[in-house]
Amino acid sequence: DTAESRGGITVKSDDGRFEAKIGGRIHFDTYIPVDDDDVGDLTGQTNFRRTRLILDGKAYGWAYKFECDFTGTGTGCFREMWLGSTLGPVNFRIGQAKPYRGMEELTSSNEILFMERPFATASGIYSGNQYAQGVFLDSHGANWTWAVSGYSLRNEEAPPTEGVGAAARVTFAPVLNDETVLHLGLSASTDRPQGEQRDGSGNPTGISVRDASGRAFGRISGGTRIARTSDERTGLGGELAFRTGPFYAQGEYAKVDYKSDTAGDESVDAYYLQASWLLTGETKPYDVKKGVFKSPKPKAASGAWELKARYDVMEGETAPNDKISNWIVGMNWFVNPNVRFMLEYLSGKIEQTTDTETQILQLRSQFNF
Amino acid sequence: DTAESRGGITVKSDDGRFEAKIGGRIHFDTYIPVDDDDVGDLTGQTNFRRTRLILDGKAYGWAYKFECDFTGTGTGCFREMWLGSTLGPVNFRIGQAKPYRGMEELTSSNEILFMERPFATASGIYSGNQYAQGVFLDSHGANWTWAVSGYSLRNEEAPPTEGVGAAARVTFAPVLNDETVLHLGLSASTDRPQGEQRDGSGNPTGISVRDASGRAFGRISGGTRIARTSDERTGLGGELAFRTGPFYAQGEYAKVDYKSDTAGDESVDAYYLQASWLLTGETKPYDVKKGVFKSPKPKAASGAWELKARYDVMEGETAPNDKISNWIVGMNWFVNPNVRFMLEYLSGKIEQTTDTETQILQLRSQFNF
Amino acid sequence: DTAESRGGITVKSDDGRFEAKIGGRIHFDTYIPVDDDDVGDLTGQTNFRRTRLILDGKAYGWAYKFECDFTGTGTGCFREMWLGSTLGPVNFRIGQAKPYRGMEELTSSNEILFMERPFATASGIYSGNQYAQGVFLDSHGANWTWAVSGYSLRNEEAPPTEGVGAAARVTFAPVLNDETVLHLGLSASTDRPQGEQRDGSGNPTGISVRDASGRAFGRISGGTRIARTSDERTGLGGELAFRTGPFYAQGEYAKVDYKSDTAGDESVDAYYLQASWLLTGETKPYDVKKGVFKSPKPKAASGAWELKARYDVMEGETAPNDKISNWIVGMNWFVNPNVRFMLEYLSGKIEQTTDTETQILQLRSQFNF
């Protein structure tokens, strides 16, 4: 058997049937409020956004992943945690993983373009539902993927709850060559809690979003939650992405309908457009197995430099017709395949009866191994 | 030095003096209530029952084990956590490990026949005392073992408490060949809290049992606890097990006497009988070092299939003379040495003033590496 | 690439550019009160003082350290957690590490002479500030070191807080040969909370000390805290250490000035002197990169034996002029490079309006890998 290090540890048996890998990631953030007049005194601070230990391996045609984020407590540390195998061309996993709900959601946190994902993900419209427990199936061809998941609404951190959900996604890349990629995607999901529902941030099918001005400043307080509880949630999403040489753009639109006997029905839209230019000439790789873009590998010893911008919106359709939006401009420096720095200037806005605006400057230092 | 993977990682020095191993286990359960009329609406759900990371190794004739279960929080994650060495034919360990209290208790959770251990273990009569901190000695011959432990009643998760305990076990296999094993065992323990005692589930020498219908549905509420506190607990246990070819049967009887100035004296019995038949013809291995049975290694590519049944009882001898019992039938599928699925149908009964019955269906998906 | 075990696991690429290491430590303590008349009934107990898992590695000229102590909960487990590289002769690290505040503080917990550090460290005068988040720079020559850190006062376990601090240290060894070392050191730090301050033990610039009679018995209750909050803390420290052959002595003096609008100003002194004699003739190694002493490697198969003693004081200069002091005598047994046992007899005293004295016996069993 052979052992290898590229920062972590990989051991493979000579016949390729056995393998184990130890990796992890450290995402260390610094937040500096630039204008916090509207929201009270924000706390400039540092924060470990992710500190994950990841073991994965395979044996006798089966595989597992054991992923824990130490910024969470106890079972709250669980991220992916599953065993799985293949049935012909289909991979299946049993345990905890991400339901298939959209391109940016399924992009690794090591590879996302900005420090935080946009509202059309579990960072917004699917808040509290980034991971689920159940069965996950996926497959792919030369330029397409499909994936289906059926799961319990159990949130491992919270007390047991009943209810089930399902999410599916298909992607297709009509143009796919070394220079240019055109990516199309569709996803749909439904979540149906049963028995007693939980409300608040633990609600498996409600919504509670982060502050427009970023993760650092916590969740929006009660009044700005767009919907609290629901008996049934139905989500639909569309993806469109394009890359040619060093240029890349990606947008998603997600619409979620909430039905609730007690809180009334509600419909919420989220959409974003993000783009980047690799100043040092690299091309963002496209992962045909997952239908997402990845981080570029730097060509030069001085690393890869990427200019980036995003506009991001989430909006309720019924009164109170809250709208949360932000734009971000920034720069990524890929020092090497393991180290990345991100600098972002974010301007966020909440439009309610009174408008609230904030600006912050944020920096991520990242090592993944 | 050489590195090897069989799903985890093992590194050994060429002279055999140094070794380190990284392993773990994922036990992912699904519970489906079949009849919950008597106990209110049970929550069908999924649950990570165990997610352990295990490091162990040796250096210069000493060894350690570092085992953490991420379903527990902070120090609650500790399972085995010790350093040790040998004194002639005797192994000793200093730190946290299992007191020697019976066959099923000392069988690895990867190898137990059913999803949960019976009442004659820390899943019942020794609840809250599965692990203890102290000194652990064991030795074995060709067909016998002995083991002694002396420990503090400290529960690492709970505030410090005073008191000490001791537990010892001997086993003997008068018949032991490739086909047939006859195993006999005896164990005894005494636990003496000092100073302030804690009550409730944290009580080091009280008892608080799981619901007859399984782990998933939490602990029995106050009224059904058989004894709450004690100043002194004395336990005695007998073991009888038999294997011939693909057939295996194992039973234990445990009797525990509680003495309490405040709660009165109490005596509790627990006993079970479990048996299995390996349809695919394997034989359950017997671990002569520990005096327990292990999981079979599948002969065929389609894995090993095992039919199983258990009847399990715990009963108080003084009023209220509560009796908790259940029977389980099920099937184990050993896909390969790392992967196992277990399917069980459990029917549980609590006999108090009013009887309570429940039936559930439960499934475990397991990867150990 | 090659894999190696000396109890843990190290994998290095053949070109030396990549490396990953898995290690850890188990420190298991037993406390036996000898005289607790003045302080009420102390609880004799066992305790896991440290159970750490440590990953560190390097890739493409960058390095990381991922260190978690499972005796802490969630982010409270973080110890060193950083990424870094070098700029010419200077090492820099970004993330969480120890501010440079004195010799004993910067000595590894695997190598400290006694079970607990003296008061002139984060075990006393810098309580709650052992680790900080920011930027850490260090460099060294043949017989000198310097180190500077600038950091946020964020305590990862506690809610976000504002404020920044800086700490620097220089050391010089005018005599440094195989036989004899004379070490001199100076350190200074300033900590300035901004915005809302937290009080109590979480206060980043207050002080809350451990009981004179050792870690085991928890923190001193409110009345004996020497200062609770401060708007500004300034620390100054001096170090003097000497080794010749098997003899070693080390002392530090630290003075900290607290300024507080609400609680008034306060000045606190801490100092200690510790010495040891290696009965088996080893010499304590001096780490020129960090300017600290390390544990000896045993020469004989029966290990190294070390006699040791310390006198340790912390004292407020304004009323109530509390003085906390203790002396310890003990013995260390270095069984091999991975295993150490420490036995200590500690006599502690708190001088307030009424004096309080305690004596305890304590034992550590340690495996580091």
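Which chain is which? They are A, B and C, in the order written, and residues in each are numbered from 1.
By definition in this document, a residue touches a chain if its C-beta (ideal position, glycine included) is under 8 Å from a C-beta of that chain, and two chains touch if they have at least 3 such contacts.
Quantities reported herein were computed from a predicted structural model and do not represent experimental measurements.
Colleague: Subunit A and subunit C share one sequence, so how far apart are they rotationally when you fit their Cα atoms? Give it in degrees, rounded to a multiple of 5.
Modeller: About 120 degrees of rotation relates the two copies.
Colleague: With over half of the numbers shared counting as same, classify the subunit B/subunit C interface as same or different.
Modeller: Mostly different residues: under half of the interface numbers shared.
Colleague: Cα centroid separation between subunit B and subunit C, in whole Å?
Modeller: 39
Colleague: Show the residues in subunit A shared as contacts by 2 or more other chains, in ascending order.
Modeller: Those would be 2-3, 9, 11, 22, 73-74, 77.
Colleague: What residues of subunit B sit close enough to touch subunit A in their complex?
Modeller: Residue list for subunit B touching subunit A: 2-9, 11, 22, 24, 26, 28, 30, 41, 43-48, 51, 53, 70-74, 76-77, 216, 335-339, 365-367, 369.
Colleague: Provide the residue numbers of subunit C that touch subunit A in the complex, in ascending order.
Modeller: 1-3, 9, 11-13, 18-20, 22, 53, 55, 57-62, 64, 66, 68, 73-75, 77-78, 81-83, 94-96, 133-134, 152, 154, 156, 160-162, 195
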